[in-house]
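Scroll down for the structure; my scribbles are underneath it.
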Amino acid sequence: MARVVVDVVMKPEILDPQGQAILNALGRLGIEGVSSVRQGKHFELEVADDVEDADLTKIADTLLANPVIEDFTIRR
Amino acid sequence: MARVVVDVVMKPEILDPQGQAILNALGRLGIEGVSSVRQGKHFELEVADDVEDADLTKIADTLLANPVIEDFTIRR
Amino acid sequence: MSRPAVDTVEVAATSPSQSQPFKELGLNAEEYQRIKDILDRRPTSSELAMYSVMWSEHCSYKSSKVHLRQFGDKVPAEAKDILLVGMGENAGVVDVGHGLAVTFKIESHNHPSYVEPYQGAATGVGGIVRDILTMGARPVAVQDALRFGPANAPDTARVLPGVVAGIGGYGNCLGLPNVGGEISFDPSYLGNPLVNALCVGVLPADGIKLAKADGPGSHVVLFGARTGGDGIGGASVLASASFEAKGEKKRPAVQVGDPFAEKVLIECCLEIFAADLVTGIQDLGAAGLSCATTELAAAGTGGMDVDLDLAPLRDETLTPEEILMSESQERMMAVVTPENLEKFLEVCAKWEVTATVIGTVTDTGRLVMRWHGETIVDVPPRTLAHEGPVYERPVRRPYDQDALNGEHGNGLPRPKSGEQLRATALKLISSANLADKSWVTDQYDRYVLGNTVLAQPEDSGMIRLTDRALDGSGEADLGVAVSVDGNGRYTRLDPYAGAQLALAEAYRNVATTGARPLAVTNCLNFGSPEDPAVMWQFAEAVRGLADGCQQLGVPVTGGNVSFYNQTGSTPILPTPVIGVLGVIDDVSRRTPMALRGDGAQLYLLGDTRDEFGGSEWANVVHGFLGGRPPKVDLTREKLLADVLINASRDGLIDAAHDLSDGGLFVAVAEGCLRGEVGVRLVVPEGLDPFVFLFSESAGRAIVAVPRTEEVRFTDMCTARGLPATRIGVLDILESAIEVQGQFRLPLSELRTAWAATLPDLFG
Amino acid sequence: MVTFPGSLDDRDALRAVRLAGAEPVPLWHGEKWLSDVQAVVLPGGFSYGDYLRCGAIARFSPAMDSIVDGARQGMPVLGICNGFQVLCEAHLLPGALIRNRSQKFICRDQAVRIENAGTAWTADYEDGQQLVIPLKNAEGCYVADERTLDELEGSGRVVARYLDGNPNGSLRDIAGICNAEGNVVGLMPHPEHATDPLVGPGTDGLPFFSSVLRALVGAA
């Protein structure tokens, strides 16, 4: 049993309205010094040790992320 | 300029419908060995170096997470 | 994993003196003693958990029961013809003919919505929808009545968007059209917003399902979501008080909703109902399993055996006490005969719904629960479900009531010149309470299911129940109309009249669209019942509502009481929210609010008096609350309704809109903006322009009458004795509201002022 | 007409198909295939709660495999709203649909222009015809890379465009697109809710359903 973390973020060229909204909110909160916010998804999976990295990659780019608009990173 | 990552996850005792739905889908995809999935949010912030950790914490628990149902971790 | 020892009946019998945290669970010493007398031993911690939630104000209605009885005592004669199920069940059921019945109910989720606005509001919708489903009905529409602090208060900017997104997020995902509601702002709601959700469902008149466990040997099936530690903050004291080693484990006070699970649960249940596979069914809401098991048993043969450890859990560390108190959403309990069980489980499997047999119906008169073989609960179910404590709380007219009614505010400076009237009109129409609500309502799906005949901003939502368009029979389609209304300021000035004015407005809104009002549901939002002044407001409001329903001939079919709505010791404005349901035999005859028809005559129905107590004008312009609310005349309301209904059936009017908050000008403005037509208004003889435009006299509506029907229409009004005053003519070329001799306000300017307010506030 | 768990506008679409004079066949997402089906509508809603990403999970239901094959062999497929999202997730259509620029669910009567009346689903319209049909979604913002967008424009595969203001931030105001063959169409607004004036803004949506009917009858 191991915990695997997959982070999914929008490709840089795709606009990210959620991140934008947060950035504006920061302004209203009067917080300085944050120049950009991007929001993505964070997955925590409990996987059996015999699960191959290849399987994890498959999970990430067929299900957890949509490669058309998103990039992902896997941390085992 | 530094990149700060904030991960927000539902408190363990709180229902995570999305994670549950993904787990079931994995089953249908015929992928074995994943026993649990939890979905959270992943934020990437560009912050000036003079921004204090205290500010980041404030951002996280006022804006990025609702401490009533979510926990967060900050990586600078 | 070794299980922590549990507090069994055996242990309880032999350790009578063990101290128990009944106070922390909200029970007082007398109540605790009563439990001991009932069981004739100390309760086990599981039993204590059950009694504490079942005897809570929320579940036992201990402070309100003595007052709510009036709804039954004063039930109008009309009720017997239409009422299939009255108060007391999950929701009342009304016969609407054509073999169809309709069930509807409104419920509050105020406190959770303050803590976690999105999830609080979302689970509020989920809860009321399950109540409707439990009656055997397909939910077909929702409405929401909302109250927030001042629109420009920072915390309102936190709560309102979350609440609206939550109601939309859950309702949209369930595929239920949102067809109306209301939203208004007042400082008294800042620390205690109101989120009341209403749901309407349709079922075959002979397909009603009830919450009772009949027939010994039948299976008790728990199905839907797994049980987790949702909303059981209270139970932690038990966990630590029972012999469990590791004490404090924080449990969340809020529940998280899973609308997808609920959508699947709905379709699954409807398939089960259609195949007639259950003898009784109950949703799991407040008090979860405690409530479902005791109510099913109490209403049925009388006994039930349950193996609590069979309940599917989301969190394996839950103790039995926590399982019994858990308010996890999207769960139902059904009573299924042995021969139907297999079919029942098949349907659940098709929808991928978890279903588990956890018990059996018995005739022992006892509810017995086991935990891994050990008996942890052995109680007479009625003592939890029906025989809880009942209090006759002291009532006292608030000390400031006379002063409040005394300051009539007649001295408040009123606009005189046309210029001043124009400025007042703009100020009112752009105030948060009267401004365009589409920022809110555009976040709700009003089209899904394809039967929405009318939705916000119409006077009431209207849903088509039959669909004969396709079977070629060419017959008219039946529909129901629903409206919810409430006015905290009126109720503060006079709770008896305030409740009746809310009832009258909802009743009027339904009739305005051409539907015949049939039945009433209500959500009574008040402060603490332990405050005699609040209790007086409550008693007066209930008395007013009961009398009003009797006079109007519309029975109360159900509702909900929400007490302890206060910040510190300051209660909210007393806020009874009243929902009225009506029926229309031919939905194509509905009357819309959009003023239409060039040259059509605009008529004002009813009497206009100098009535500004509790008005929007006094509130917005002077921040003043005092005097008396508008006069209530229910005979007149009934007459007005008859005229509006007949006029729609006979096609005498093109449009109608009820007059309420803000008075005539606001109603005319809403009608013109929706119809994109101008109007030339004439101030009637002997009426002061200011009173004409802004008074909030009740029992009034405006109607647009085509020239061809004018005589027939006015004759009908004269014959019935309803005052109908011609106040203007519609003009499609003149895109402005012109009040002759006073002022002219272009629709464009009006629309900007009206539409900009909420977007400017909430983005 | 495919119903996934969480499909919502399936009944409405069935009704629209019937109003157009065709015989709708309800398909359960778990069913593998129905040989006698001639065209498929993927209705709106929140399949699987729209968890993860809209349409991401529905894409893997059994029915989808055969629908993808059918589509590749030229069977007309219309994805409405959530159905559009499923078609993108299944890579039958390029690009993707993300959260509305406003962050909010939007329900409103939307003006759109038909840009390509040549597809199986739009033949009964004129090029450039303007319609008003309900739009209701939270993830309606169409995105794709510039190359894809130019390709869509160049080959006339933008089927419908928003008018009078872009409601959700869709690139190039795109409301609907089709595949190269024109048999697969994805559309954000809901034509099935504009087929009966009593319960919708009008009847502007009906031709989507009559078009495919004529295409099939013509072909037969």
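Order as written gives the chain letters A, B, C and D; numbering starts at 1 within each chain.
Convention: contacts are C-beta pairs under 8 Å (C-beta built on N, C-alpha and C of every residue); 3 or more make two chains touch, one makes a residue touch a chain.
This is a predicted model, so every value here is computed, not measured.
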item	value
Result of counting contacting C-beta pairs for C-D and B-D, higher pair	C-D
Whole-Å separation of chain centres (CA-atom averages), chain A against chain B	9
Rounded Å distance, chain B centre to chain D centre (Cα mean)	33
Computed distance of Cα centres, chain C from chain A, in Å	40
Between chain C and chain D, centroid-to-centroid distance (C-alpha), Å	36
Per-residue overlap in chain D, given as positions that touch at least 2 other chains	48-49, 51-52, 57, 60
Sequence positions of chain C contacting 2 or more other chains	258, 260-261, 352
Shared-contact residues (touching 2 or more other chains) in chain B	17, 21-22, 25, 29, 39
Full enumeration of touching chain pairs	A-B, A-D, B-C, B-D, C-D
Chain A - residues contacting chain D, complex	10, 13-15, 17-18, 21, 63-64, 66, 68-69
Residues of chain D defined as touching chain C within the complex	5-6, 8-9, 11-12, 15, 18-19, 30, 44-46, 48-51, 104-108, 134, 136, 138, 190, 192-193, 196, 198-200
Sites on chain B touched by chain A in the complex	1, 7-9, 19, 22, 25-26, 29, 31-48, 50-51, 55, 58-59, 62-64
Contact footprint of chain D on chain C as seen in their complex	165, 168-169, 172-175, 258-261, 263-264, 267, 350-352, 441-453, 464, 467, 469-470, 587-588
Contact footprint of chain B on chain D as seen in their complex	48-49, 51-52, 57, 60-61
